[in-house]
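Next come two complexes built around chain A: one with chain B, the other with chain C.
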Partner chain A sequence: MNNGGARRMNGGGEEDDDEDYVNGDLDAWERTYTDERSWESLQEDESGLLRPIDNKALYHSQYRRRLRSLSSTATAARIQKGLIRYLYLVIDLSRAASETDFRPSRIVVIAKHVEAFIREFFDQNPLSQVGLLTIKDGVAQCLTDLGGSPESHIKALMNKLECSGDSSLQNALDLVDGYLNQIPSYGHREVLILYAALSTCDPGDIMETIQKCKKSKIRCSVIGLAAEMFICKHLCQETGGTYSVALDESHFKELILEHAPPPPAIAEFATANLIKMGFPQRAAEGSISICSCHKEAKVGAGYTCPRCKARVCELPTECRICGLTLVSSPHLARSYHHLFPIAPFDEVPPFSLNDPNHKLQRNCFGCQQSLLNPGNKPGLLVVCPKCKGYFCLDCDIYIHESLHNCPGCDSFRHSKADKE
Partner chain B sequence: MASAPSKLYADDVSLVVVLVDTNPFFWSASSLSFSQFLSHVLAFLNAILTLNQLNQVVVIATGYNSCNYIFDSSSDLNQSFENGRMPVMCSSLLQKLEEFLIKDEQLSKEVPEGRIKSSLLSGSLSMALCYIQRVFRSGALHPHPRILCLQGSPDGPEQYVAIMNAIFSAQRSMVPIDSCYMGAQNSAFLQQASYITGGVHHKPQHLDGLFQYLMTIFATDLHSRSFLHLPKPVGVDFRASCFCHKNTIDMGYICSVCLSIFCKHHKKCSTCGSVFGQAQSEAASTSDKKRKTPET
Partner chain C sequence: MKFQIEDVTVYFPYDHIYPEQYSYMIELKRALDAKGHCLLEMPTGTGKTIALLSLITSYSLSKPQSPIKLIYCTRTVHEMEKTLAELKLLHNYQIKHLGPQARILAIGLSSRKNLCVNPTVLAAENRDSVDAGCRKLTASWVRAMAAENPNVPTCQFFENYEKAASAAVLPPGVYTLQDLRAFGKEKGWCPYFLARHMVQFANVVVYSYQYLLDPKVAGIISKEMQKESVVVFDEAHNIDNVCIEALSVSVRRQTLEGATRNLNRISQEIDSRKNLFHKLGPKPTYAVGLFHGRFKATDASRLRSEYNRLVEGLALRGNLPITDTWLSNPALPDDILKEAVPGNIRRAEHFLHVLRRLVQYLRGRLETDNVEKESPVGFVASISSHAGIDQKTLKFCYDRLHSLMLTLEITDTDEFLHIQTICDFATLIGTYARGFSIIIEPFDERMPHIPDPVLQLSCHDASLAIKPVFDRFQSVVITSGTLSPIDLYPRLLNFHPVVSRSFTMSLTRDCICPMVLTRGSDQLPVSTKFDMRSDPGVVRNYGKLLLEMVSVVPDGIVCFFVSYSYMDGIINTWNDSGILKEIMQHKLVFIETQDVVETTLALDNYRRACDCGRGAVFFSVARGKVAEGIDFDRHYGRLVIMFGVPFQYTLSKILLARLEYLRDTFQIKEGDFLTFDALRQAAQCVGRVIRSKADYGMMIFADKRYSRHDKRSKLPSWILSHLRDANLNLSTDMALHIAREFLRKMAQPYDKTGGSDRKTLLSQEDLEKMGDGSVHEMLY
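Our next item is the complex of A and B:
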């Protein structure tokens, strides 16, 4: 399969990249002696003629399909997103996780991507908390409690990666249910299970446990590494989560990072509440105080809790003395783009580009790159529905995935639609 | 999201994207005239280009009604030296700036009195970041990019979300945002921008010597900054302001749905219409329409 082959090459591609760069100036006949399968980069078009695969357009169309599916689910449900999330990550450390079909073994791949996921999660959800759970020898154990500091979770995970025994879905769900019942009512309860096994060894009726989770309003999602299982699919359908099975390492990375941005929240799941929070000021340079997290004297560079005046080292955190949640305004601002998303850009159909009445910008509005291919033919571009500015494909991806501002809309005070 | 690219560029080559504030409301009331300011800035840009042969400079104008690219030292039009003069002194920059100012004025419409006359900083920051992403895509060898804001207009509170988005995106791509604020009050946005992204913020006390401030603080490349003693961020205020009175508060209440900040306990959130303390019911659906409108 063409796509499978291309992806397999990219999956092991981290070390191939250096080789490709070195081999870049070899002749074509020399390249056939290296690992390049040049026949895979050809495709047939409608009339049966061969043409090379346009990777850029392929990547962009995959990206747009993903964007469209995300925005359609968001508009179908109520647009609210669960911004204060309490997520438990369940890692399967059974025998099946030591299989070597993912190189070097499933558990190493899982651990690597869980680390990246945790960092990305706290980047996108600074007010949320994560806890880690493991399933080993048929028993579920809590590795780390719910906490807001990525380093402690990652350190705890990397120490305990031995796999053995069976895996038990019911025990994990029971444990998670017990822990998540203790969190405040305004938080969104989520579980993400990374399941490597093909079976589950349960002490009782797992259907009852699933109903219990559904009643506790816990949203369970599963990412499988082996094959699709009915019980996982049933669990996710009942609780409103997503179930996906990873095909290879890069696909697994894509699937797990999809859980980092806040999911569209069902409003009935969490009560709205006013949460009391403090905005500490930075302590003056040179002031000496005893830090409440390390229990030792420190000089300057900390924050003072506004309620009890204890010193904390980093934000966001919970004051250990009085329990007040301490944040700074940029942490709240990190989540604002989830509340005010920008509209996806529309693709420009090629026939309208040749219309002489259509005034075409020669350069992308964001990066000033020329929008015309060599030979003065218009290349692929997109247009913002509000400000009608033209953007190149790379700017489109950057704007929607990282920047979350449309440069065109922000650069005109009185927009073309005359809306402020 | 595309990850930050591999940092394989030469140590001291820099790309400086300069955002020049051209807000007529500010310049008409400033002690430094716009033409004097321009002469300081042009000399500074030429100096950056002489520091290293591979340095690049891009100028984006931040106007009152619009923003646009003014100058790009790496484009083919600007490469030739006319009669041995410095490239930035050539008339194209000044000509394009004048065209921009004329067009910006034509876009003006009647504004109600009492509004803060801020320039469109979020627009020019977004354009600068898009340009920098293009430079990152161009290959393994590229200059260290950074952004320098020469700003005098006050902060426009309606741009808060857009500016914070730009700041976080710059932080992820590791692009420092330096800022030189020439206005009367302090600019909280620029202070936060420089603090979060690791840039330098400075408010010159004597605007007549602006060129000297620019050369000593903002001209050096990123690699050499670790050897220099630059102004440290002091007193960056990260406290939030409440949505109801716009006062700065150090303890407040946050709506768990939309993260709006209030200073007192309320029964209902004014931004998203959620009723506090009970499960969301169908009664809240009438405020759906109100919730959808705050799209900045």
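Our next item is the complex of A and C:
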């Protein structure tokens, strides 16, 4: 960069300028604009002064907002949720995805967070399945079929990250519609589109495709990477999905993870249904058998379908031979918490800590760490509305996002039972 | 909601009101109280129309002893319909709260083209032929003929309307053009004549500017409006140009040829009256069938009775049936009606001779190789010496022609537009000695090798046309989104407003992002200044700017250029250098042309491209049709780029003459006026993208001259207040970065009512809680 600057300083000549433009190269000083964006993380207050960045409080407040928005819909009305989801993740690999306004480039950021999302998704929805689609050169391609194995999806995606050409929303929707129409009626059909481009180059009338998606009850959500597009907003509104645009990388991560917990079921679709499932046993270690999914001979570590005795490698899945849905009981149990989420904890104003009544609660009920910041200043903390236990912020997040049980409530209930 | 402004109870049909609407109403109320004129600037998208309508109707309801009439002038039929729709909503609300005493009659009035329900007449393609088609069926002599001969076609709707006579009234209510047509169809009455009749009785009349400003039309339609009326000119930022156009005439070679043809036909008509027996000879030029009823002995006597009428003075014309009037005197209405027509043109043949000499003279004047500029006085003197027509005769030409055509029972008036133009011209130069000039140009300056002589009578003084309006009506309200600088309009229109105020928009978020771009990505200045505009560097930088922008802005982008020729040039260059092709990879490109049909088609496709997500760029011209009347709201315009400062073509002779006049008469400096005019056009262009508060959009002023204070400060305050110092002197890459950030920020969900500290929606309780003072504090 310095060399480029020096050359320019020495009067490298106007001809060079022109050549640069023809080649589409950026000048050195332009590169500084696009490469280093140190100013972006700075924040100004009203008078233009730089504001110190308090990441933790900021992060926590964002988290709480998200929690509130989720729980306000869930706990209040105890809304039915689609636990068996069939989600197609559409990744835009058009020219626009190679832009570098996200570091190092949009597509790398997308891939990174898609990986995290897929893991999170299966963690939260063990009964669900994901498929991957890409849009490239105006054509939509299926990368992986619907399946329950995070590893295979991630592996498939990481191999195909070249971006080129235009992007076509309609082609992607058509393809998804074709796949999702075949799935059984109890499953919830969803599409999550990660859209980098700002236009869509379609072969036909996209409005018809949107109506088709609406008719087949596919919930389409879009996360944009650059700006709000009318057609995406329209698509989400019509099909009941959400549309959001990422401000930066961390915001993008937040947005994509918002799609991990199951959305409320579409009303007319949410009829009670009995589903036949098999709970296969884990095969004995060391036994050699041919698995039905990879058609390979494998040693140990597999499951046997209770109906047709075929061998599968991973759960949950669908038996290749008899078509039975195969799950394990922990999977079902893990999905369960979405129906009965724990209430969000209330924030406690710091001064009430000095109240004599609360003197005892100086430690977090969860991790037993001191709730006071160094220097004996009270930090932020939260309280469970049921058991009145105090928790630190880290425990708050852990309880709501991973544990899904309040240690306070559970232990009090037990102690009560003991007394009786 | 219902609230009190001083002694007036205002009925407002919505639950919430913007603070700026509230203060707008307060100012308006003060102007009405003072019975004076006012000038109010408030950005578009803040609900000007409903604030106006709701205050004025409420004002009139609260003072039942002296009801005021509201005359609401709009620029386009579309706006008229929108206004009436709002009024309907308001009216329903008032009826709900006040009961039947709130009933008003509100109608929209437009040309026959928009109101006619007769399918045979409507089949004609343009306005003039619809008018003529209507006259062919409804003129008094045609109807008289039909009474004798049932084969003569008449209009059933008009006959029914005439039969109903005084029973033909509209029940109170709000009628849009659509409603009027439906009502007319249902009752079998002609909606156009019904509406024209009801204008006198209506409480609210919505019609186009021309009905008040163009003296030709105003004399007929707006003659009987009471003095206690409030006249509102909405979107009035170009009102001075409308006034000037109403009084300007241009004569070309075609006009003169057409006029000669018209004169020949008139003289044939006259001859046919004189010699009944020769009449039946071959006259193939017109439809004999239409006139077959008139070969009677009464013809000669009719010419004679016309002569008598002319002796008595033209004012008698008021007694003619309503269908026969079509265009009135282009001079000020009461100026000359009382005088008798001079003797030398009372006889039809003599008048024709005068007109022939006039046309001959004008033809001679057009045969010039040099640009000539003359004052009306000199021109009249020269006519008098060369053609022997004095000033008084000229003055009466228009009325005399009008009268003659009535006498000859000519119904296809659209054929006679050329001779009407000539007479219009004659009357104007005969009437006004000041404020006009006559400019003869042998060719268009941009194409000097093509001879296209044109003689223009151009009006320089906008106050001439609007003066009668100010004089006649109690209050005139001039309002628009862009009236900056607000002190210039009273000077241009020569009136004294009692209130002149500019309001800003209260926003829940910073949803407009104006930027001044002064340099391209290579840091060289960009400008459309005359010496710079063809510089390849500037053209390339502009192209680069657009290319970068199409890749970061979603959906629609609108670009405005300073002129058609500049747009053609720059698009050609972009095409040659391949920039256009690169742009097309991101968005489709649509271009405005001077052809209306083509442009409409382009706009339609542009909208479709925006809707379906393909994205599109619209290239348009400041001062063009698109810049004036088409909205690019929401995703139809996320970014507007104003390439250059849209100065008028400063070498134009007409503009120079007008500037000189403004300097001499109103002491307005040339530079000031030019800058004012350019900046209001620019503001008008960029204002196209924001049509409501929920909308958002960016505006790029791409010219280094915008960063100068004298230019920038003339932008309306609602743009200036969002133009941060940091955005004043940008280069392409900086602008690009700002655009990215802005679009991301705007895509986030937001709270529509605004936070507690930035209240942008007031409910009834809020208004009751605070006195007038606190609103002012909030806004300023």
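Here, the second predicted complex is superposed on the first by the 308 of 420 C-alpha atoms of A that agree within 3 Å, B and C clash if a C-alpha of one lies under 4 Å from a C-alpha of the other, contacts with A are read in each partner's own complex, and residues count from 1 in each chain.
We take it that a contact is a pair of C-beta atoms (placed from the backbone, for glycine too) under 8 Å apart; a residue touches a chain by one contact, two chains touch by 3 or more.
Keep in mind the model is a prediction, meaning the values are calculated, not measured.
Of the two partner chains, neither chain B nor chain C is touched by A:346.
Contact with chain B, but none with chain C, is seen for A:395 once the two complexes are overlaid on the shared chain.
When both complexes are overlaid on chain A, the residue A:162 reaches neither chain B nor chain C. Of the two partners chain B and chain C, more chain A residues are in touch with B.
Judged by the touch definition given at the top, the superposed model places A:330 against chain B, while chain C stays out of reach.
Looking at chain A, you'll find no residue that touches chain B in one structure and chain C in the other. Interface of chain C with chain A (complex): residues 521-522, 540, 544, 551-555, 585-587, 610-615, 634-635, 638, 733-734, 737, 740, 743-749. The residues of chain A lying in touch with chain B in their complex are 78-80, 83-84, 123, 127, 186-187, 267-268, 270-282, 285, 306-307, 324, 328-330, 332-337, 339-340, 364-369, 394-395, 397-399, 401-407, 410-414. Residue ranges of chain B in contact with chain A, taken from their complex: 1-2, 64-69, 72, 107, 109, 120, 122-124, 126-127, 129-131, 133-134, 137, 159-162, 164-169, 172-173, 192, 196, 234, 236-240, 249-259, 261-262, 265-266, 269, 272, 274-280, 284, 288, 291-292, 294-296. Partner chain C is touched in their complex by these residues of chain A: 17, 21, 27, 30, 33-34, 96, 101, 166, 169, 198-202, 205-207, 224, 226-232, 244-247.
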